[in-house]
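As written, the chain order gives the labels A, B, C and D, with residue 1 at the start of each chain.
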Amino acid sequence: MEEKRGLKNRGYSHADVDERRTAVEKFTGTSLENISKYCFDSEKASKNIENMIGATQIPLGFAGPVIINGDNAKGEFIIPLATTEGALTASVSRGMSVINDGGGARVRVFQDGMTRAPVFRTNGLDHCAEIMDWIGKNTELLSSVVSTTTNHGKLTSAEPFPAGRNLYIRFTYETGDAMGMNMATIATEAVCKEIENHTGAIMVSVSGNMCSDKKPSAINMIRGRGKTVIAEAVIPKDVVEKRLHASTESIVETNIRKNLIGSSMSVTLGANAHAANMVAAIYIATGQDPAQVVSGSMTTTMCENVDGDLYIAIRMPSVEVGTVGGGTRLPSQAEALAMIGCLGDEKAKKLAEIVAVTVLAGELSTLSAQAAGHLGKAHQELGR
Amino acid sequence: MEEKRGLKNRGYSHADVDERRTAVEKFTGTSLENISKYCFDSEKASKNIENMIGATQIPLGFAGPVIINGDNAKGEFIIPLATTEGALTASVSRGMSVINDGGGARVRVFQDGMTRAPVFRTNGLDHCAEIMDWIGKNTELLSSVVSTTTNHGKLTSAEPFPAGRNLYIRFTYETGDAMGMNMATIATEAVCKEIENHTGAIMVSVSGNMCSDKKPSAINMIRGRGKTVIAEAVIPKDVVEKRLHASTESIVETNIRKNLIGSSMSVTLGANAHAANMVAAIYIATGQDPAQVVSGSMTTTMCENVDGDLYIAIRMPSVEVGTVGGGTRLPSQAEALAMIGCLGDEKAKKLAEIVAVTVLAGELSTLSAQAAGHLGKAHQELGR
Amino acid sequence: MEEKRGLKNRGYSHADVDERRTAVEKFTGTSLENISKYCFDSEKASKNIENMIGATQIPLGFAGPVIINGDNAKGEFIIPLATTEGALTASVSRGMSVINDGGGARVRVFQDGMTRAPVFRTNGLDHCAEIMDWIGKNTELLSSVVSTTTNHGKLTSAEPFPAGRNLYIRFTYETGDAMGMNMATIATEAVCKEIENHTGAIMVSVSGNMCSDKKPSAINMIRGRGKTVIAEAVIPKDVVEKRLHASTESIVETNIRKNLIGSSMSVTLGANAHAANMVAAIYIATGQDPAQVVSGSMTTTMCENVDGDLYIAIRMPSVEVGTVGGGTRLPSQAEALAMIGCLGDEKAKKLAEIVAVTVLAGELSTLSAQAAGHLGKAHQELGR
Amino acid sequence: MEEKRGLKNRGYSHADVDERRTAVEKFTGTSLENISKYCFDSEKASKNIENMIGATQIPLGFAGPVIINGDNAKGEFIIPLATTEGALTASVSRGMSVINDGGGARVRVFQDGMTRAPVFRTNGLDHCAEIMDWIGKNTELLSSVVSTTTNHGKLTSAEPFPAGRNLYIRFTYETGDAMGMNMATIATEAVCKEIENHTGAIMVSVSGNMCSDKKPSAINMIRGRGKTVIAEAVIPKDVVEKRLHASTESIVETNIRKNLIGSSMSVTLGANAHAANMVAAIYIATGQDPAQVVSGSMTTTMCENVDGDLYIAIRMPSVEVGTVGGGTRLPSQAEALAMIGCLGDEKAKKLAEIVAVTVLAGELSTLSAQAAGHLGKAHQELGR
C-alpha cells in the first residue's frame, strides 16, 4: 500500500526521493544506503531524471596535465575522467606526458552541426519530388519556423533522401553550446508540421534513423554529426624509445595490422584501439550523454613514421557535446567542466577539442603498450 | 612545488585523494567541493581508477516494476537507471507498465562467450597455414595454458583469419560471472607466448581488432560477443490503443520506415530507436563498462502485427556484462545489482536478460511515442 | 620463338588477333576455335582491350515488353539481357508482365554526378585546412582547368575529408552521356597538379577510395554516384493473386523478413533479393562496365500493402552508366542500346531509368516466387 | 500478330531464335544484325537463358603468362580476360610480368563452402530455440535429405541466427566443382520442408539474405562464401624500381592512404584498388556468374616493405566459382577454361587460385601506377 504509494511518488524533493527509495528498498528487500548518499539538490535534477532514488557514484580521476594547442583550447589542461576501469587514467596520463615531451597536441574542429532526420510517408516518388521541391523553395519559411522554437538553434541545411513512399530529410542545425539533440528534435517537429500542412506528407517519425542519434552509422562517419574534430601530435624518436619502450616502426606497424587491417576485416566503423574508453570517461565526468559514446567513439587513428619520429593523429567525425544543458547542470559535472575551463557559453568547441586530445593520448598509450607487448600486464597490476 | 607533489601522489587513501584534489584545485583555479563528496572507501576503488580526486554523482532513478519471464530472471523487477537524460526513466517505465499489461516479457540468452583476437606477424600465407595447423592440433595444450592464468576462464574456440603476413585468431572464452575482458586478455597473452614459441609467429598486438572490444563491428553482430540475448513481448490490441495512444499498425509502420529502412539507408549496425540510452543507464547504474555500450547497444528491433496485437522483440548480439569484478565492487553499483538480485555469482546471464528487457521496454515506449507523434513534447515537458 | 613473338604482338588487326590466338593455342595446347568466331572489327575494339585473341559470346535474351513511365524513358520497351543464368530472363519477363497489368512502372533520376576522390599527403591538419581553404577560394580556376581536359565534363562540387596527414577531396562532375569515370580521372589529375603547385600538397593517388569506384561503399549509398534512381509500381490485389500466386501480405512479409531484417543482421549494403542479376545482365548487354555492378546493385527494395494492392519500389543510389564511349562502341552492344532507344547523346538518364525498372521487375518476380515458395523449382525446370 | 507470336516463341532452336529476334527487330524498329552473329548451338544454351535472340560479343584478351605456385594451380598460365575497359589487360599483364620477375605468386584456398540461409517464421524465441534444438539433433536426417537432391552436394554445417519471430539458418555445403548456388537452393528447400514438418516453422523464403548471395555483406567477409583464397608475391626492390618506376615505400604508402584509410573512411567492405575489374573480366571469360562479382571482389589488399622488397598479398573471402554447369557449358567460355586447364572436374579450387593471382597482379599494377602518378595517362593512351 504505502510501498505502492512510494513507487508512484512523482515529486522531486529530498523527501520524495527518500520515500521512493524506501519503497524500492521494501519492494526489493535490499538496503540502498550508499545510493542514498547523494550530495546535490534533487530539485536541480528535475530535468535530468524521473523516479530518482539517489545517485550512482563513479570514481573520478584525472589525466594530465597535457599541453593543448587548439583553436579554442589553449594551454595546459588536467582532464577529469570518471571510470571504473583500472589502468585507464594512468594510461591516458602516460600518453599525455609523452605528448608534452613532443611539445603538446594540435587540435581543430573542422565541422559543427547537429542533425535530426524525420521520415515522411508519401504517395510515392513524384510526391517525394514535390515535397523536396517545396522544401527547396521554402527554406526561409522553415528557418523562421525554427526560430519560433529556439533562440540558439539555426537551421543550416536540409538534405533529402527519397525512397519510394518514404522521404527522409536530414536537417542540420547550429545549436550554440548545447549538444542540441532536443533543440533539434523540437525544431524539426515544428518544421515537419509546416511540411505536412503544405505538402500532404505525413511525418511517421521525427527521427527516421538517418540522423543518426546514438547508433553506429556510416552516415555520421561520412557526413559528421556534432563536432568533427582532428587532433595530432609528433613524438620525437628518442621520446618514443625512452618513454614508450617501443620504436616508431613498431607502433606504426601495430596501428596498420590492428587498427587498419583488423578493423577492415571485422567490418568496423572507424579504426582505433579503444577510443570509447576515453570518450566514455570524459563524457560521464562532464555531464555529456553517455549513450552518445556510440557515435562519438567512431575514431580513425593514424600513425606515421616521419623522419624517424612518430606522427599520430585521430579523426573523430561525430563528437556530440555541449557545455550548457543536460547533465552539465549537475554540481560534480559542472565542476569537472570548470576544471577544463569549459563551463558555460562559447565553450562547446573547446570541449570537443579536449575530448579529441584525450582520445589521442589514450590511443598513443595503448598502441605503444601493445607494440611493447604489455597490455595484459598493465591490467594485472593496476586493474581487475 | 607542493602542487606538483600533489599531482604526482599515487596513493589510494582518503588523504591521498584530498591532496591530489587540492593540487588540482590549485592547478586549475577551481573549487571541486562537490567532487569531493564521495561516500565510498577510496581504497576500495584502487582497482578501478588511478589519480582519484573524488566522484561524479549521476542521478539514479528506477523504471518498473516489470514482469520478466526469463530463463534466469523470473518475477517482478525494479530496474536501476543512472542517467541525466530527462524523460528516459519515465519512458522506460511506461513501456514496462504496458509490457506488464501484456503479461510481461519473455527473454533468453542464446549464446555466451568473451573473445580476444590477437594479430600475429607471419612470414606469409604458408606460415599462417602452419600456425593454424599447429593450433588445431594443440587445443588441449592451449587450454591448459589458459587454466594457469585463470580459475574461472575456459577456452572454448579459436577461429583463425589469415591475411597475408597477418594472422588473426579469435579466441572465445567462458568467463563465468565476470564480463571477462581482462581475463581473456591475460589468458590470450599466455596462449600467444606458447604459439610464438612453437611456431615462430610474432604477436604484434594481443588485440587485432577482430575481437572486437568497444568498437561497432559487424563481427560482433554476426558472431556475438558476451551474451547474445533476445527479448519479446506481446501487447494486446486494446492495451496498445488505450495505453500507448497508437495503433498496432502505426507502431509496426514506424519500426519499418525508421528502424529497418532508415537504418539500412544510413548504413547502421543494428536497427533500433535508442537502445543505447537504456544500455548506458543500466550499465552505469550497475557498474558495467560504459564504453561497452558501443557494442552492447547494437540492437535489432522487430515489430509485428499478430492478429491485431503488437508483437515486439529485440535481438542484442553483444551484451558484455558481469556481476563480479570491475565497477560492481563499488557500493552504490553493488546496491543497484542487489536491487535486481544480480550481485555475485551465477548472476551474469540474469543481468543480461534484465538489460534486454529494459531495452525492449524503452524501444516499445519510444516507437509508440513517435508513432503517436509526441517525442519532442515529452522532452519539452520532462527534459531539457 | 615464333610463339613468343605472337604473344608479344601488340597490333589490333584481324591478322594480329589471329597471330596472338595461335600463339596462345600453342602455349596452352588448347584449340580456341569458338573464341576465334568474333564478328566485329577488331580495330574497333582498340580502345576496349589489349592482347585481343577473339571474343566471349554471352547468350542474349530479352525481357518484356514493359511499360515505362519515366522522365526520360517513356513507352513500351523490350529489355536486352545478356546472361548465362537460367530462369533469369523468364523471371524478369514475368515481373514486367505483372507490372504492365498494373499500368507500368514509374521511374525518375533524382541525382546525377560522377566522382573521383584523390588522396593528398599533407603536413598535418593545419596544412589540410589551408588546402581546403585554397580550394574553396579557387573553384573557378579549378573548373577552368577541368575544361582544358574535357568538352563534356563539368566540375560541380569538391567535398573535403581531412584526416591527419591525409586529405581526401571528393570531386563531382557532370559527364554528359558518358559514364564518365575516365573523364573524371583525367580532369582530377589536372586539378590535382594545380592544387599541388599552389598548396604544396602531394597527390599520393588520384583515387583515395572515397570516390568510390567498383567497391561496395557506404559513401555511394549515402551520397550517390552516377545516377540515383527510384522506380515504383503498384500491382492490384487481384493481379498479385492471379499472376503471382501469392498475396500482397506474403510478399510484404517476405520483403521485411528477408530484405530488411535479414540484410540488417548480415550487415549488407542495400536490402534486396537479387538486384545484381538484373544489373549485370543489362550492363553486359549494353556495353556498360560489369565491374560497376558492385556499386550499381546496392539497391533498397521496399514493399507495402496499400489498400490491399502491392506497392513496390526500389532505390538505386549508384547507377554508373553511359550511352557513349566504353563498351557502347561495340556492334552487338550498340544494337542492344538501339533496342531500347539509348544509343548516343541525351540518353544516359533514359538508360538509368530502364536499368531501374528492370531491377524492379526482377525483384518483384523473385520476391513473389519466394513468397510462393518455388524458387528452387524454377531453377530446376529452367536452369542449373 | 506475327510479331506477338515471335515474342511469345519459347523454343530453343536456331529458327526459334531467329523468329524471336525478327519479332524484336520489328517491335523496336532496330536491326540486330550483329546480335544475330552467334556461333554456338542455341540448344546448348537452353539451361542458360530464355527468350534468346542472339549473343553479346565481349572482346577477349589475355594477360600473362604468369608463374603460379598454388596448391592446385602450378606452372605458367595465360589468363583469359573478357573486358571492354581499355588498359585493363595491359595493366594486369604488366603486374604479372613483374610478379614473374619475383619468381611468381603463391596462392592457397583456405576455406570452401557454398551457403544458403532460409528465413523461417516462428512463434517467437522459444519456438526458435526448439527448432534450433531439433536441427542440432537431426543433422544426419537433414544430410540424408540433402543427398536425395544432389550427388555432389554435402551438408557441412547449419548456423542458426534467431531473431524474435524470425529464424535464419545458414546452411553450408560442399558442392564439388559446381559453384553450387542452385544445388544449395534445391537442397535447402528439401531440408526446409523437413524442418517445417517436424517443428511447425514456416519457411518464408529459402533465402533470408544471411546467405548472402550477390550482395555486399559483412557476413561473407567474416564467414567466407565459396572459396576463401589468399595470394601473395614478393617483388625485389630493384624490380619495383626498374619495372614499376616506383619505390617500395611509395607503393606501401599508397596502399595505406588509399586502400586502408580511404576505404575505412568511406565505410567500404574490403580494401582494394580495383579487384572488381579483374574478377569481372575473368568471370565473364570463363562462364562464371557476373553478378557474383559483387561478393567475389570484396578483397583486402596488403603491401609491406620487407627488407626493401615489396611484399603484396590479397585476401578474397568469397570467390564463388565453378568449372562445371552454368556458363561453363558454352563453347567460348569452355575454351577459356581449357586455356588455364580448368575445364571439368577437380578444377574449381584451381580456378579460384588463378582468379586470386589475377587480382593480385591487377592490384600490384594499379597501385604502382597510382604511386607513380600516371593512371589517367594510361587510360588516355590505351582507352577511354
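In this text, a residue touches a chain if its C-beta (ideal position, glycine included) is under 8 Å from a C-beta of that chain, and two chains touch if they have at least 3 such contacts.
Quick caveat, the model's predicted, so the values are computed rather than measured.
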| item | value |
| --- | --- |
| Remotest chain, subunit D as reference, centres from CA atoms | A |
| Angle, in degrees to the nearest 5, of the Cα rotation that carries subunit A onto subunit D | 180 |
| Rounded Å distance between subunit B and subunit C, as computed from the means of their C-alpha atoms | 41 |
| Between subunit A and subunit B, centroid-to-centroid distance (C-alpha), Å | 17 |
| Residue list for subunit A, restricted to those that touch at least two other chains | 163, 166, 218-219, 221-222, 261, 263, 265-267, 269-271, 300, 302, 315 |
| List of subunit D residues in touch with subunit B within their complex | 106-108, 110, 124-126, 128-129, 162-166, 218-219, 221-223, 230-232, 267, 300, 302, 304, 311, 313-315 |
| Touching residues on subunit B, where the partner in the complex is subunit C | 218, 221-222, 256, 260-261, 263-267, 269-271, 300, 302, 315 |
